[in-house]
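Read from first to last, the chains carry the letters A, B, C and D; within each, the first residue is number 1.
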Amino acid sequence: MTEPEWRTAIARVRPNEIIVRGHDLMDLIGRHPYADVVFLLLSGALPGGNEGRMVDAMLVAASEHSVVAPSVAAARYVASAGVPLQAAVAAGTIGLGDHHGGAVEAAVRVLLDERDPEAVCRALKEEGRRLPGYGHVVHDPDPRAGRLLEVAGELGLRGQWCARAEALEPAAEAVFGRPLRMNIDGALAALLLELGLDPALGKAFYVIARAPGLVAHVFEEQTRERPYRDVGWERVEYDGPESGSVS
Amino acid sequence: MTEPEWRTAIARVRPNEIIVRGHDLMDLIGRHPYADVVFLLLSGALPGGNEGRMVDAMLVAASEHSVVAPSVAAARYVASAGVPLQAAVAAGTIGLGDHHGGAVEAAVRVLLDERDPEAVCRALKEEGRRLPGYGHVVHDPDPRAGRLLEVAGELGLRGQWCARAEALEPAAEAVFGRPLRMNIDGALAALLLELGLDPALGKAFYVIARAPGLVAHVFEEQTRERPYRDVGWERVEYDGPESGSVS
Amino acid sequence: MTEPEWRTAIARVRPNEIIVRGHDLMDLIGRHPYADVVFLLLSGALPGGNEGRMVDAMLVAASEHSVVAPSVAAARYVASAGVPLQAAVAAGTIGLGDHHGGAVEAAVRVLLDERDPEAVCRALKEEGRRLPGYGHVVHDPDPRAGRLLEVAGELGLRGQWCARAEALEPAAEAVFGRPLRMNIDGALAALLLELGLDPALGKAFYVIARAPGLVAHVFEEQTRERPYRDVGWERVEYDGPESGSVS
Amino acid sequence: MTEPEWRTAIARVRPNEIIVRGHDLMDLIGRHPYADVVFLLLSGALPGGNEGRMVDAMLVAASEHSVVAPSVAAARYVASAGVPLQAAVAAGTIGLGDHHGGAVEAAVRVLLDERDPEAVCRALKEEGRRLPGYGHVVHDPDPRAGRLLEVAGELGLRGQWCARAEALEPAAEAVFGRPLRMNIDGALAALLLELGLDPALGKAFYVIARAPGLVAHVFEEQTRERPYRDVGWERVEYDGPESGSVS
């Protein structure tokens, strides 16, 4: 292959002109909230109804969760080593992996599974897997899920997918034998479907929404903590072979 | 140092509770636009006036500029190699460097320089440097700068820093001998100061604002292009030593 | 979970002491080539025979392939934006994805498939997949594969897995209807198995081996090219909706 | 700027041919140790004497330091979130910043300062800065520095720069009032100069050398630890405003 082809349906840049998905960017600035533009970039069209306001609530819900997230801890370690802000944020962003923001996509697949909710849970249990989007390491229940569904109700966007997500709660309790309440990932998954967005964009939401939280943590680390955050050698337990025990 | 200390003034997470800079996150979701929360995370307080709407316009202005940015080209190359969405976005984010989003911070320093605008320009010229935040590789003028100042005027936020940024245009033309119009970086720098934000957060704006653009490009590359984007060996000119010419 | 546990069998650091997998690092420095230490870190033991020399050849083979690799193009775009060397290298490293260095692991799975070589190829073809580790976008054949097997022969490490990798060539030609010669990924996969390393470490080899190549390209970009590498707006074809065509 | 130029003196790829800095890569594989090729890629020429063996020792010395490094902690947090190996390694690599591997470059600048060693130390002290390359958070002295100089002596490469680095120890003690012994960064800085390499390549050494250590830690985290490493909410102290205290 010789000639690299740059082809895109996202935006056209020509001298003094920036078109984003069919809209002059200058007509968007100051007239549409950022959440509308996020929806436009992800879906290809501006919101026809309350989708932008829903996206806004979803972005706020996922924007920050203190240092209690591997991505934030990683970003702060990297920031402490003396790197530019955007590079430390990027280190954190890499960490929005399958077990972090990625649960949204797994939860979408569960919601799209047309079997009975208990059957879905039983199948997961038999594979030794958890129900993605339900249960939380700190919260019980995760207050963000309930609040997001409340907002969806106010905006007329609490439809079949929210109902399905709620129906999974009693099913999960029956199958897994303990209460498993919807968390933010489960709620985001249901709302992604209510909004008609591509289910593969689950992680995308976290990547966008968490950026200001990561920025704030990196900036705080840079301006308030001493350089070179260190786990401390006394706190690392080595359980490999002793010196001299191997030849 | 033994015990790693995690100390933060950004957010507190306790079971079923998330406090962000003194606000219950549940009270923010659905009640405050994302731009307000970005302002809260960066400044420590919710907007008292139109700051949130200004931030909104700034985020929209910087959200997307097609493939015409090194960060986007990098993100698409990385995406083509078969990596998760957030990792490819992070590769692009790393590239929001001193010559990319970083010009905002350099432009802030120029605005804070208390000398006469022509004196500032002359000093830069003597050092062989450009005027950061003025001139653009594609646009002349960059339409985003004018539109942002227009919105600032509508919101009552077009103050001394915007005036100073505008005064640099004729000064730059006089000193550098050609028209140098304010670009988006110059406008963001002036508005950062109008908003009272820390001048060191210039790059932070780009990191947050460009996230959905990078996400859209990575997703498009993953879903629409063939894997393994290749520059093509014929397009690489090797000008090192010939084989056999070195021993 | 409260207390983060740092547990590792890789190394112990105590004041004035660094033990790596049971060896005093001071005994390794200057006495063992780096390739031996790479083998030690990956396998848990120093080479008992020629494994270190084989690793050395494998690292050299994968160290550099000019700009003709998405990871290198990405690293250079990022470097051009004005970031520290290690950050630009990292952007490239992210790009050693499933379609880049990741083919080694896919090729290992093919080698471990116990069916007849033609049956393996037929199964791939029926799924619409390629044979990983065979064929190359530029080379035919990839000279690195042959050279690596030659070295393996000299070192007494050209065993059953190399034989199996070679047997796939005629099988692939028969099934896919065109010559498909082993490439560097196929050779690395066979040698990984000859060395008894964990098959999941295929990509690990690329990550280690390509580091100096990426470093050299980033350094060259920083020291020899102008800042802000730009694809050029004229080279980007926009095929989204026209402005005004959407409401 | 329209046409992206790919120009490089590092390598030429043409069908069935890979030339690296004037050498056929096939002639390097199995004939030159990886450290020679690292030297070739960084300097432009194969070692004429013992430089390759010195590079080998330097790579081994910097290859691993347990979890006691911000880059490794970051890489493990990111790995725990469920991302591909190369992406987690890259997160760690970003963290080889100015306070991590970057001290090598700062130490080179100190060695190149032609003033009397005590004058150099006094100047740093007056600026409130430390002496880069001397002192260590865990070791006193860092055993890698002494071992590297020992190897340099064996290889006939212990010249003026090593002598200068050693002369800084008593000067630092006299000025800063406590023993400050050369650490690995100081030794690498001196050896970089003995090898005639570009002083700006200090961080480059760490980026290359630490790759296998980072790979081993990421692989261990992926294969041996539970997903989603969490700092634990109880260990994070929030000292921002209380909820309700702000309006």
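Methods note: a contact is a pair of C-beta atoms (placed from the backbone, for glycine too) under 8 Å apart; a residue touches a chain by one contact, two chains touch by 3 or more.
Computed from a predicted model, the values in this text were never measured in an experiment.
Participant: In the chain contact graph, what is the shortest path length, in steps, from chain A to chain C?
Facilitator: 1
Participant: If I list every residue number at the interface of chain C and chain D, are over half of them used by both copies, so same, or under half, so different?
Facilitator: same
Participant: So using the touch definition from the top, which pair is joined by more C-beta contacts, A-B or B-D?
Facilitator: Top pair by contacting C-beta pairs is A-B.
Participant: Taking the mean of the C-alpha atoms as each chain's centre, how many Å separate chain B from chain C?
Facilitator: Chain centres of chain B and chain C, defined by C-alpha means, are spaced 34 Å apart.
Participant: Would you kindly tell me how far, in whole Å, the mean C-alpha position of chain B lies from that of chain A?
Facilitator: Those two chain centres are 22 Å apart.
Participant: Determine the centre-to-centre distance between chain B and chain D, using the mean Cα coordinates as centres, and give it in whole Å.
Facilitator: The separation of the two C-alpha centroids amounts to 30 Å.
Participant: Going through chain C residue by residue, note those that touch at least 2 other chains and give them in order.
Facilitator: Chain C, residues with two or more chain partners: 1, 6-15, 66-68, 73, 83-84, 86-87, 90-91, 94-98, 102, 137-138, 229-233, 235-236, 238.
Participant: Line, ring, star, complete or other: which describes how these chains touch one another?
Facilitator: complete
Participant: Chain D touches which residues of chain A in the complex?
Facilitator: 66-71, 73-75, 77-78, 80-83, 87-88, 90-92, 94-100, 102, 137-138, 227-233, 236, 238
Participant: Under the touch definition given earlier, write down the residues of chain D that touch chain C in their complex.
Facilitator: Where chain D meets chain C, its residues are 1-4, 6-18, 20, 25-26, 28-30, 32-35, 37-38, 41-42, 53, 56-57, 59-61, 63-68, 73, 84-87, 89-91, 93-98, 101-102, 138-144, 147-148, 150-151, 154, 198, 200-201, 203-204, 206-209, 211-213, 215-217, 219-220, 223-225, 229-232, 234-235.
Participant: Flag every residue of chain A that touches chain C in the complex, lowest number first.
Facilitator: Chain A residues touching chain C: 1, 5-15, 19, 21-24, 44-46, 83-84, 86-87, 90, 94, 137, 231, 233, 235-246.
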